[in-house]
Amino acid sequence: MHNTRYESGLAKLKEIDGAAGEAVIESLQIIAPDLAHYTIEFPFGDIYQRPGLDLKSRELATVSALTALGHCAPQLKVHIHGALNVGVTPEQIIEVIIQMAVYAGFPAALNGMTVAKDVFAERGLLDETSTA
Amino acid sequence: MHNTRYESGLAKLKEIDGAAGEAVIESLQIIAPDLAHYTIEFPFGDIYQRPGLDLKSRELATVSALTALGHCAPQLKVHIHGALNVGVTPEQIIEVIIQMAVYAGFPAALNGMTVAKDVFAERGLLDETSTA
Amino acid sequence: MHNTRYESGLAKLKEIDGAAGEAVIESLQIIAPDLAHYTIEFPFGDIYQRPGLDLKSRELATVSALTALGHCAPQLKVHIHGALNVGVTPEQIIEVIIQMAVYAGFPAALNGMTVAKDVFAERGLLDETSTA
Amino acid sequence: MHNTRYESGLAKLKEIDGAAGEAVIESLQIIAPDLAHYTIEFPFGDIYQRPGLDLKSRELATVSALTALGHCAPQLKVHIHGALNVGVTPEQIIEVIIQMAVYAGFPAALNGMTVAKDVFAERGLLDETSTA
Amino acid sequence: MHNTRYESGLAKLKEIDGAAGEAVIESLQIIAPDLAHYTIEFPFGDIYQRPGLDLKSRELATVSALTALGHCAPQLKVHIHGALNVGVTPEQIIEVIIQMAVYAGFPAALNGMTVAKDVFAERGLLDETSTA
Amino acid sequence: MHNTRYESGLAKLKEIDGAAGEAVIESLQIIAPDLAHYTIEFPFGDIYQRPGLDLKSRELATVSALTALGHCAPQLKVHIHGALNVGVTPEQIIEVIIQMAVYAGFPAALNGMTVAKDVFAERGLLDETSTA
């Protein structure tokens, strides 16, 4: 019943977001499994498969947008994990979030940094990124 | 001291939102009772009284907008209760929230679904709506 | 090369949005034909095909969300046409836009009404809806 | 290494936001101390130093914008403290938040009032502002 | 048929927004006269009548919020006129818009300033406010 | 009177945004020259000078955020020019804008693409990027 978009999307979701992505999908099964299917098929089966932009740049673009929008903390958390999983450095993530102070204001950047801090703490990265 | 708009608004608030709506009003009494009055008078005394659109459609429009806006989780919770109270089905609520992935993006839809999941769980509805 | 989602999506797009929808797709051909494909496949080939909610309710939900978001005037115009095309009445559209004053503020409702006024004027509907 | 903008910004931050502002800066040290610097230098070292508008009006404008934006609860909390610290009255804060129901919708105003209620409770102000 | 809220609201609308406000109301008559009524009754008949905050502060709060929200250019234009009409100075308006760069980002502040520039030009104020 | 941040910011603004950036600064001189100064000093004198992320990635992050926010068309236009000026390819810009359909919805992506189409047309790039 699952098509190729679903299967390649699920593989890409696992590659990028790992356990955090699978948890999102799992949490939808009891209420709206079709939304889980669409989340796998369109973002991960269509968009993240496209050859025109490398995965690191895609994840940085996503971290940028989710920080700017401001109401997407759970998804920002998943994609900061995802960015790190595909090789984006903690420093690059911090740079993109700081840059959002210019375009979406300081509150959006500060709230995005709070999410990054949680993710970095989970992964034991806080000592490395601190430059204080 | 209360006018007709207030009285008919309060009756409509109780009809639609039940205990959840009254809790919102109650929580405002100590800080800004006038905002409670306006909330009863304008949305419920003016708008939800209007004959040009049935209550089910009004609640679906509200669920749609609150999901899309993304920063209104407490109000979305109240109005998913409200939609169910006036006869909207769980399936219709799920459909509107899924549709918001198109217009406001997947994070808004996913966060809206998390709120719906909480409401459905409170009301013992999760087994019925699951189609996994 | 086009799959069934594309074909059924294109038929649904024509049914709902008519010439206005086709113009959106056409305008994308020179810059990003893949975005045109996705617009046909996901919203119209997946979402608007779903049986759980009738087309009139879907279009009202879309008019509601686009009015509330506030930065989607071109899409709101297309979907007010679409709502009328599938049988939503001008009065129902006006009701949903007025209701958005409650959830997204008066500016969003007023700007949405300006778009509705343009669409109604194009279709010669302004005399019928006026109740002044 | 710190310039005058930093020093005058830090003094202004302490004047306006007190301990709540310093906590924000402190929480950034382990992840992004440069964002802490910018937060002190640009908003507090540049903008809040400007003579063209008094501090009370600046804080009311900030409370207004943060309430309207809707995704800035932590910053709204800091600036409601800040507004009170520079002499804005609880009543004036309540008035500005109520007014946002007009421009950003009732959910934004209600959520802003919830933040104000928390701040007023922390400062033992709830009895004075209640008019119920 | 018009109640006191309507009459006092209409007087307040004329006091604050003058011809620009009346044009908004007039433009609604053919499509949604009820939205015109609500716009007069709730914002101007209820909120702007309240004694707890002076009109200058209310208009500055509105300019702040409309600049930050970013999708309200027509209403921002009306309220920059309104602010000037009730005695806010051009400099104070400029200060509030600049301040929004901190909270909503530079694009929102720059677009708000473009609207202010149009209003100031209409009123022959640009020479006075320029400090270049 | 201008500090080093201003001078290095102005050089960076010219490097990235060229004539389009200078036009923004020029248009502010008659109304709010201080906002022009801040725009040069903070975004271009502070943020775009930072070594932790290359200019191409910074411009892609900006295009991403401005597309997602939805109310920043003038700034998006300037930064699509800027992205091209620093070596981002038209294809990469298109990819980032398409990706925003996932995170901010199809209307935001479609409106962003309309801006890209205008910029690409100005620069004679539309034949190269078309793949229809």
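Every chain is named by a letter (A, B, C, D, E and F) in the order it is written, and numbering of its residues begins at 1.
Going forward, a residue touches a chain if its C-beta (ideal position, glycine included) is under 8 Å from a C-beta of that chain, and two chains touch if they have at least 3 such contacts.
In UniProt terms the chains read A, B, C, D, E, F = 4-carboxymuconolactone decarboxylase.
Note that the coordinates shown come from a computational prediction; the quantities given were computed from them, not determined experimentally.
**Student:** In contact with chain B and with chain F at once: which chains are those? Just list them.
**Tutor:** Intersection of chain B and chain F contact lists gives A, C, D, E.
**Student:** So which of C-E, A-C or A-E is the twin of B-F, meaning more than half of its contact pairs are the same residue numbers?
**Tutor:** It is A-E that reproduces the contact pattern of B-F.
**Student:** If you average the Cα atoms of chain D and of chain F to get two centres, how far apart are those centres in Å?
**Tutor:** 30
**Student:** Between chain D and chain E, what is the gap in Å from one C-alpha centre to the other?
**Tutor:** The computed centroid separation for chain D versus chain E comes out at 23 Å.
**Student:** Among the residues of chain F, which are close enough to touch at least two other chains?
**Tutor:** 34, 38, 42-43, 50, 66, 68-72, 75, 94, 98, 100-108
**Student:** Using the touch definition from the top, list the residues of chain E that touch chain C in their complex.
**Tutor:** Touch list, chain E to chain C: 24, 27-35, 38-39, 42-43, 66, 69-72, 74-75.
**Student:** Which residues of chain C touch chain D once you look at their complex with the stated criterion?
**Tutor:** Those residues of chain C that touch chain D are 68, 100-108.
**Student:** For a test of understanding, state which residues of chain E touch chain D in their complex under the given definition.
**Tutor:** Those residues of chain E that touch chain D are 42-43, 47, 50, 52-53, 57-58, 60-69, 72, 75, 91-92, 94-96, 98-104.
**Student:** Within the complex, which stretch of chain C touches chain A?
**Tutor:** Listed in rising order, the residues are 34, 38, 42, 46, 50.
**Student:** Can you list the chain C residues touching chain E in their complex?
**Tutor:** Interface residues on chain C, with respect to chain E: 69-71, 94, 97-98, 101, 105-111, 113-114, 116-117, 120, 126, 129-132.
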